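By letter and in written order, the chains are A, B, C and D; residue numbering begins at 1 in each of them.
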Amino acid sequence: MKIGMIGLGKMGGNMVLRLKQGGHDVIGYDRSDEALTPLRDKGANVTSDMDAFIAALGEPGERAVWVMVPAGKITQSVIDDLAGRLAPGDVIVDGGNSNFHDTQRRGEALAGRGLHFVDVGTSGGVWGITEGYGMMVGGPDAGVERLRPALETLAPAPDRGWGHMGPSGSGHYVKMVHNGIEYGMMQAYAEGFELMKAHKTFNLDMSQIAEVWRHGTVIRSWLLDLTAEALKNSADFDSLSDYVADSGEGRWTIIDSIELGVPTPVITLATQMRFRSQQEVSYAGQMLSAMRRAFGGHAVKT
Amino acid sequence: MKIGMIGLGKMGGNMVLRLKQGGHDVIGYDRSDEALTPLRDKGANVTSDMDAFIAALGEPGERAVWVMVPAGKITQSVIDDLAGRLAPGDVIVDGGNSNFHDTQRRGEALAGRGLHFVDVGTSGGVWGITEGYGMMVGGPDAGVERLRPALETLAPAPDRGWGHMGPSGSGHYVKMVHNGIEYGMMQAYAEGFELMKAHKTFNLDMSQIAEVWRHGTVIRSWLLDLTAEALKNSADFDSLSDYVADSGEGRWTIIDSIELGVPTPVITLATQMRFRSQQEVSYAGQMLSAMRRAFGGHAVKT
Amino acid sequence: MKIGMIGLGKMGGNMVLRLKQGGHDVIGYDRSDEALTPLRDKGANVTSDMDAFIAALGEPGERAVWVMVPAGKITQSVIDDLAGRLAPGDVIVDGGNSNFHDTQRRGEALAGRGLHFVDVGTSGGVWGITEGYGMMVGGPDAGVERLRPALETLAPAPDRGWGHMGPSGSGHYVKMVHNGIEYGMMQAYAEGFELMKAHKTFNLDMSQIAEVWRHGTVIRSWLLDLTAEALKNSADFDSLSDYVADSGEGRWTIIDSIELGVPTPVITLATQMRFRSQQEVSYAGQMLSAMRRAFGGHAVKT
Amino acid sequence: MKIGMIGLGKMGGNMVLRLKQGGHDVIGYDRSDEALTPLRDKGANVTSDMDAFIAALGEPGERAVWVMVPAGKITQSVIDDLAGRLAPGDVIVDGGNSNFHDTQRRGEALAGRGLHFVDVGTSGGVWGITEGYGMMVGGPDAGVERLRPALETLAPAPDRGWGHMGPSGSGHYVKMVHNGIEYGMMQAYAEGFELMKAHKTFNLDMSQIAEVWRHGTVIRSWLLDLTAEALKNSADFDSLSDYVADSGEGRWTIIDSIELGVPTPVITLATQMRFRSQQEVSYAGQMLSAMRRAFGGHAVKT
């Protein structure tokens, strides 16, 4: 199919290539030459000229544009701009990590203008180009069906790793929960390895353990495969900070659990441990020291 | 190699069959005819006569017995009995989920009698017979090397899914942490699905989501494969209690974290949520209700 | 001072009486005769006629009305109605548990009409009438100063238990965090008592322990005083459900922690344990049972 | 009554003074002159000569010795030494934070020699000398009754702040849970203050808030009184490390909850956050960074 991709970063750029390999007529747009050059070198059709980009998408009412930009204000401005350039019957895809509430709102607004807005929660990271992307799709049937050829190519296999979850927002919603789960799983692994490393008696080899666990055990997973690979390179991670960034999805998952009154203790805690990792000094910790000194005369570190 | 297996339940019985298929001369022992019959029907050499079992193991100093009984007192009594019947140079394997402190103690005691005691933390459940078992091995080199042919057969592949972790107890220790991680991962998935199910707006299909997530996403795993299979059969789990049993390893992992002073919040919480699930009535909850009534005059359920 | 009170429930009614005892000229309004009668019987000046209520408040620009209705839509409609009836210079107080974001918005809107909007986070429950109310006050200086005589009467002492926290919304914000902390403290006590009760060896007397702890220990507190009182009446709480309700403040505290990226693991978890208590059946628990059966062939409860 | 005190540190020294003020004939023992001098200056009868100390305790079978030394090996060696010097009918008190399992074992051993062993979990810290100590007492009736005069003096009032919980070990057990609860409460306060401090919009005054909360609110407590005092001196705690030490009781409380299968999520987490505070670098955090880089190509801090 003919499809345009806006945002040619790590994700969007690779998706252009995978679509091209899949025989699609794909054109990419990015403002930055830095993003365009490597793709152009690989034979992709890319441009920094928005008018040319739109012109290349085909007939009004049959066009499809996949937006792959960072979640946030830029998503809104790109979609606003597109909405002004496109016509009823055209399809806009938000493949980023947008908040599902925003997506619901956008879906409604764009439907009012006759545009099909499809949200695709996309997982797979830098590995998607070769392994295919896991995609959770939300939005109107008409829009999703129009995208089917592209989705079948981007996925690990035409009938695997993607699905139409439900109405507008549901794709981003399921992706949000996916990331919440990811936080919990990652934290579980990390705690286990930290514990084993601290248990000096056995002098265990973290890299060996991760490798052994990859096969035949209950906890084998793709995350473990990656961890084993990372451990092979540097079991001690000496050069890495223990600061763990977090993106919006983990936070939104907790907020959803709060709004629904559903307990998600492990997902929540995994996310909050990331907050803890982001602190240089914990005021809570200082206050606890102060309390201990106040009631017990305990010596505290200064 | 020639090897004996004591305990022919779900795990031990399947291991006898996998060893036999791998060309080993394996003899099984169990007290219960119920355990023996299905194995005998499959052509396995099994007995309920301990003397005959020992006699079939070969020459003193070259014998190997794999003990696969539930963790607890029975492990101790079986090993005590075996120790009295075996001779220096023989190998005893504890393939169950014993506490690693017990294993360390037993390893020392048995070494004092010239026996090689090898601990094998075994993962894989009912799937091991076909997919192979993940095995974390601890104990003296001599004992582990003697077992190598059996380990290579039981594992998913000769060079994968098993490893010699370190001295006596280390196999059970790493398996313990493996299970702690498993609790955390399982809880993360379960929370995510519970949340999505509670979010009525999108009317999501749990079974579809699990299936989609199996391919291309960051959270794909064997646990997810199993979950998807379980959801296919019954997405609502109406017939299942929400009581979640736990075995010793999760608890021991927390105790280890306490003894080492290493934070394992997610593993700990996953285990404690199981405790919560096991309560018919929570006295803590009743007390909280009583407090709320006391300070706020809040209406509480009775 | 002359002051009106709208909403004569448990909190508002008691505050009318405390203000009256303190020598203030207070008039109460409530739609419901049920609320009016007991106050009238105690000599309070109350009415169900809004026009009369407003008329009794004094001169435009010098009036003060304290709104003490449940958080939510009713707060908004009462304030909207009041705003239409009052004049520049008048003071409106929201003494309920409103979300601080709403309060900030309302404060701005009312300031635009020349009204002073003061938010008072009020703690103390049914005990406030005798012990005084803890009050966290937000809003413009002019409004707070006008209220000072009433605040000094409602507080445990004129110079204790109340304070002007900052601008509009800050009173409700600090009260919100107060409640989050309360959840954490309550849960800590409840867990401790549940644990002691489960430790059968010592056959401990919960009521005695609470009473002993009230004096001289590090964990003595007003919550413990109430708990001891509740235990005196019924140490087993047999008649109480373990369902623990929660109000908005705990949830909002977590959302604030998410928005700021500040870890609040204990407050969060205390709140989420309330969610857990509110579930009749945990789908997460059912799924965990299903997983255990799937990988381990574990017998599960049905 | 006549009573000896072994261990004249912060706690024991103050208890000697409070007992003396209460009219008891108390003699103190400590090896260190540093401990003796300030007490001697206050007129207390103290010595570093163990023989003289024992001789001053009165008639065999009527003697009482209170041991107030740090939990651990020293407790055992002091009690062993005492047991050799005392006679049937004498009373030994362990007023420290011993593990209740040790206490149960010691109680049995000493009972076998005719000695009354009483465990007193003691709370109150440096404030006990003026406010009295909260005391949770375990052990045989005979021993506890003999101690009654001393307990009535040490407590905040003769009939308040102390109680005989049950058999040997129960005093230390209840004190252990007391400390677990304390960890939870402290963490709840600390999280709340940290959150408010991070919420810059309102520019809140931590010291003012703590002071306001002390009166009339649901969360008023002695811990809050101390916190308010600490904040008065230094609201920013700039000079304090955020390293939070922990003593055995929090850890033992969790182990007890594990052994009983009773959920104590908040107490557990409060303790584990202290572990987190004690880490210079979190290996778990480094591993999470490594995972994020592996799957997402996310930039991570180095």
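Remarks
Convention: a contact is a pair of C-beta atoms (placed from the backbone, for glycine too) under 8 Å apart; a residue touches a chain by one contact, two chains touch by 3 or more.
It should be emphasised that the depicted structure is a prediction, and the values quoted were computed from it without experimental measurement.
The chains touching chain B as well as chain D are A, C.
Distance from the centre of chain D peaks at A, each centre being the average of the chain's Cα atoms. Two copies of one sequence, chain A and chain D, touch each other mainly through matching residues, since over half of the numbers at the interface are common to both. When the C-beta pairs in contact are tallied for A-B and for A-C, the bigger tally goes to A-B.
Per-chain Cα centroids separate chain A from chain B by 34 Å.
If you average the CA atoms of chain A and of chain D, the two centres end up 48 Å from each other.
Mean C-alpha position of chain A lies 39 Å from that of chain C. Taken residue by residue, chain A touches two or more other chains at 125, 187, 189, 191, 194, 198, 218, 223, 257, 262-265, 269, 273, 276, 284, 295, whereas all remaining positions touch fewer.
Chain A makes touch with chain C in their complex at residues 218, 246, 251, 254-255, 257-259, 261-265, 268-269, 271-273, 275-276, 278-279, 284, 295.
Partner chain B is touched in their complex by these residues of chain C: 10, 125-127, 186-187, 189-191, 193-194, 197-198, 223, 226-227, 229-231, 234, 237, 239-245, 265, 269, 273-274, 276-277, 281-298, 300-302. For chain C in complex with chain D, the residues that touch the partner chain are 123-125, 128, 131-136, 138, 155-157, 160-163, 165-167, 169-170, 173-174, 177-185, 187-189, 191-192, 194-196, 198-199, 201-205, 208-209, 211-224, 253, 256-257, 260, 262-267, 269-270, 273.
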